[in-house]
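Chain naming follows the written order as A, B and C, and within any one chain the residues start at number 1.
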Amino acid sequence: MKGRKVKKINISNELSKTLIVILIALLAGYILIFLTGLDWKGGGFFQSVRTSFQQTGEAYEIFLSSPLFKLNRAIPEFNFKGFVQWINQSVPIILTGLAVSLVFSAGIFNLGAEGQMFAGAVGGTFTAILFPAIPVIHAFMVILTGIICGMAVAAIPASIKYKLRGSEIVSSLMMNYIALYIGLLLIRTFLRDEISGALMSRKFRETARLFLLNERYKWHIGIFIAIGVTMLIWFIMNKTTWGYKLRVTGANKTFANYSGIPSTRMVFQTQLLSGSIAGMAGIIVLAGYHGRFLWVNSPGYGWDGVIVALVAGQKPLLVLPAALFISYIRVGATTMGRYTEVSPEIIAILQAIIILLITAKAFLANRPLMETVRSAMPARREDG
Amino acid sequence: MENFLLRIQDIWKIYPNGIRANKAVNLDIKSGGIHTLLGENGAGKSTLMNIIFGLIRPTKGRMLFKGESYTPESSEDAIKKGVGMVHQHFRLVQSMTALENITLGMEPLRGFIIDQKEQRKMVREATESFNLPLPFDTRVKDLSLSLQQRVEIIKTLIRKTDLIILDEPTGILTPQEKRGFFHTLKRLRQHGKTILFITHKLSEVKEISDTVSIMRDGTVKDSYDAENIQTDEIIESMLSETKPSFTSLKTNDSTGEILLKTEGLCYKIPPGRNRLEDISFSLQEGEILGLAGISHEGPEDLIHLLFGLKQPDCGRLILNGRPFRGLTPEAARKAGIALIPSDRINMGSAIDLNLADNLMSDKIDRAPFSRNGLIEAKPVRQFVQSIIQRYGIAAQNPNRSEKILMRELSGGNIQKAVVAREISSDAGIILAENPTRGMDVSSADFILNTLIDQRNKGKSVLFYSIDLTELIRISDRIMVLSGGRVVGLFNSSEGLTEGILGRYMLDLNGDERAKSEKNQHQQ
Amino acid sequence: MADMVDFLSTSLRVTTPILLSALGALIASSAGATNIALEGIMLFSAFVGAVVSGLTHSLILSLLSAVSSGLIMTGILAFFSLKLKANIIMAAIALNIFSSGGTIFFLNVITGEKGSSASIESLVFPTLEIPLINKIPGIGEILSGHNILTYFALFSVIAVSFMLKRTPLGTKIRAVGENKEAAESVGISVRKVKTVALLLSGFYASLGGVYLSMGYVSWFSRNMTSGRGWIALAAQALGGKSAYGVAISSGVFGMSESASYSLKLLNIPGELTQAFPFIITVLMLIIVSFKKERRFIGNS
């Protein structure tokens, strides 16, 4: 690694590192299930190991195949229901994944996707219940409200950073909880369903619901909206001057300013755009699948968006497969949880491993990247 | 046989991208004296100091301290062996008191808490024995710069160092403080300390040194004993550089239309000191105005003021006939100013992006590269290709040239890309900060020729270089800054030599400086 | 009057976990290493403490294992961010996600339940009556009879403040946090100091978590931290650099949580009191940033 052969970072290297990380995570999950499946109490050691192997194998089979395949009298056939679940559950995290990728691309840490998503869902719920029942327009207005509310919530940390140069990490994290509690308050106060026992809103009007591709399993068109937004963001990032300036700002703020690119303004606008996309994520799930607002806690799509953004390397086109992957293993895990004793929360452990390994720059590199670059450049100021 | 405290033998420091910061450095430092190291920015002084202090590992060579092999792995190592350093930019914790800073990392303990009485006693002993009184309990951020410097000095003394390295210590001192500082150095010498004093100011050299060594281009050129110091020799040593002869391709002379004018510009740095004072000059179209001066004493700040990276504290900036307030790089570029910055890595490029992205960053909004916010890919690609061809960037890799990541390019190619981008922006005024530094001869020539070419096309170039030969060769007029003021403005480079310019630059006449400082205090 | 006494006593009780974690956050941020994994560490330690105490019936063992789990988690945070150059915020998010799912997963493995660990009999840390003080009317009821962890938390305020100001470790932590180069120039290992600071923050966060599952109640239930780790972060952001400041802001938040119980009677919605700490933090951030901006513009 001497002379000019500084470590090459092109797409295939990043991609292979990501794939290796995913494999490691899946392996770790396997080992974990195996270890916890061992019968510590009774039976001989080898018998215990054999049984656990078998059980783990079965569990992993269900885990990895159930979204697509199911056994119909020992013959694998296409699992349409699982497929629909998989696609439906990808939708919100495609959108939050895009939202988080945007802010990461600008080099900032606005972690408010969760709160922006929640606010969008709450706002959209109001429109879904109270807005006049005009077909198509109604659904459109519902999503639009989501966009606006998400953007509004993002505007707060964005403004604090833009006008006052205050840290966006703290303010965006706080906004998550502010949006959560105020959102719940609004739903409970104005739109609560008096009849049902649990805390949920009244049903959305029919016209607010998204078109269903399949009635039985409630496969909604959210996926097409998500794909559309993905293409839009890809276009913006790669084909517009605004996207170009965003990438430059994220790569080197000093260079951006020097080149005449108003970096603080770019950062502000990016956060607003990100908030508007996150704002769509939640309400689409509610309008598409559930038909009413029924969360009593924050569903966590915003945090999933962080993982998706990391796995996708912040590239819009890769967000789709990354989100589909995360959603796939989640659906698989849920099914696994139903048929075995393994609880689906194991997914959280896999996610944690993935985040840790991907974000570790020095992992799977011959030398820590930043150190490689830094030692290659002589000190600048004290250059005498 | 002299008693040498530190012997540096054949030290080299070569960075992975090929830059040679130190080349075959040989230096012997006698015990118990004040040894001055003289050199301009880029000469390799700081690199050498950092090697001596254990912050950087040399590529090859060896050092002997007190006769034994000396290979510090860290600054802690260096301190333990007896080498201390006071950096140019102080390494002090602002919110802590002078006392706390001095004993940082070596607080005396009573059990597991700090023994405050003993702590105070330690420091008092040090300040009294060297006669350097300090207000112990004042927070460093409330101390004057010269007192902060004193804290740094006590910090090294209390760790029982024998060799004390001072990196450009006088930059922040008033003439009065400087006198006191020199007294301190002499006292330290009396106590048997050895001082390695780094500066670029010739006047200080004569006043304080026992021995002088000159550094240039990463190596030690000459060493003299104090008695034998000849000013002219030193200037020669420091500044001149024999380059192959350079034929100037200058054509017609300037028509005289003024593109940029400054009136009484000044720029202050905390705590209220004037970095630049009363700068008034103009840039005409079709000329190269050379700028000479010590980089961190004015020229760089001036260029940054003209580009909107810093704001003047007084005076006016007039662009194309109209006064301009609150200039930003965005506005500067729109007004037709381009900048080739000295920091090509952190400011001049985005190393994580590719070459094409780097070449377009200032012009993406212009036709034909974009229309209504949408990028026109073909014109962009054609433009980038033509630039790469014309400037010969990354010539060895013709196919994927434009997609190459900046970080994969050599230093020389990066600089070519920076120059290419700025010149291709078709600006009327080009500000160039040391554009050829660190480049091989043919690339440097190419860049100088490019600047001349622009001049011939009627552009205005403000060319700052620490290489006075270059400056004289291609400039139409030359302005010299010293101590933040314009001390000389030559309307032609005829008959100018490096020596003449050097005298103006190097603050030979310390009185000039003292006079102007006195005026400043009276205002 | 009795209500007031009740209120203050409850406040002190409720402040405990927040204060403990906030002190941890203070130590970490003083060294310049932001630890936003407090929520996850608290949750996991709460889980480990309750389960181990149920299995071993030993208070010491459960305390030790809970604290160890907190130290291991922060150790991972330190290792990944300092050695492997991971972004410390991302690594902390990973730990939080791990905790939220991992606690349920392991709870299920050990007890077969997924909601709470109530099926196993866990222990509770003892409460302490302070002699003499508990005889004073009013004040006695407020101050005496609390869990020993509460008293430890109060003691820690003084201890942490003292540590930061008067011990060499504390001085090193503050130096590293404020000016890395200054610390390095005297041979202090920035990485070592940050690691120690992080471990201490993990220690305190795990105590905060243990209090939740073994201080007042004797079980672990899913997501029982309910954002207290984030409130602790907010308390530290408000309290600034001093342990006493952090204690005051933690107390304010504790009082607001305590108030939410009584305010329900006044028809002030619970969600508002729950949102209160976060709203206050954002407002303070705006005010502080505003002041800084003014000063900056004034100077240039």
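Operating definition for what follows: a residue touches a chain if its C-beta (ideal position, glycine included) is under 8 Å from a C-beta of that chain, and two chains touch if they have at least 3 such contacts.
Everything numeric in this text was worked out from a predicted model, so none of it was measured.
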Handout entry: Chain of greatest Cα-centre distance to chain A
Key = B
Fill in the blank from the handout: Set A-C beside B-C; more C-beta pairs touch across A-C
Handout entry: Centroid spacing, where centroids are CA-atom means, of chain B and chain C in whole angstrom
Key = 47
Problem - Intercentroid distance (Cα basis), chain C paired with chain A, Å - result: 28
Exercise for the section: Using the touch rule from the top, collect the residues of chain B that touch chain C in their complex. Expected result: 74-76, 79-80, 85, 87, 91-96, 100-101, 104-107, 109, 112-114, 116, 155, 270, 311
Handout entry: Complex contacts: residues of chain C adjacent to chain B
Key = 162, 166-168, 171-172, 174-175, 178-179, 181-188, 299-300
Exercise for the section: Show which residues of chain C lie in contact with chain A when the two form their complex. Expected result: 34, 36, 76, 80, 83-87, 89-91, 93-95, 97-102, 104-106, 108-109, 114, 223, 227, 230, 233-234, 237, 269, 271-272, 274-275, 278-279, 281-282, 285-286, 288-290, 292-293
Handout entry: Touching residues (chain side chain A, partner chain B) in the complex
Key = 1-4, 6, 8-10, 239-242, 244-245, 247-248, 251-252, 254-262, 373, 375-384
Completion exercise
Given the complex, residues on chain B that touch chain A span 15-19, 21, 39-47, 50, 88-89, 167, 198, 200, 309, 329-330, 332-334, 339, 341, 343, 345-353, 357, 360-362, 364-365, 370, 373-375, 377, 405, 407-410
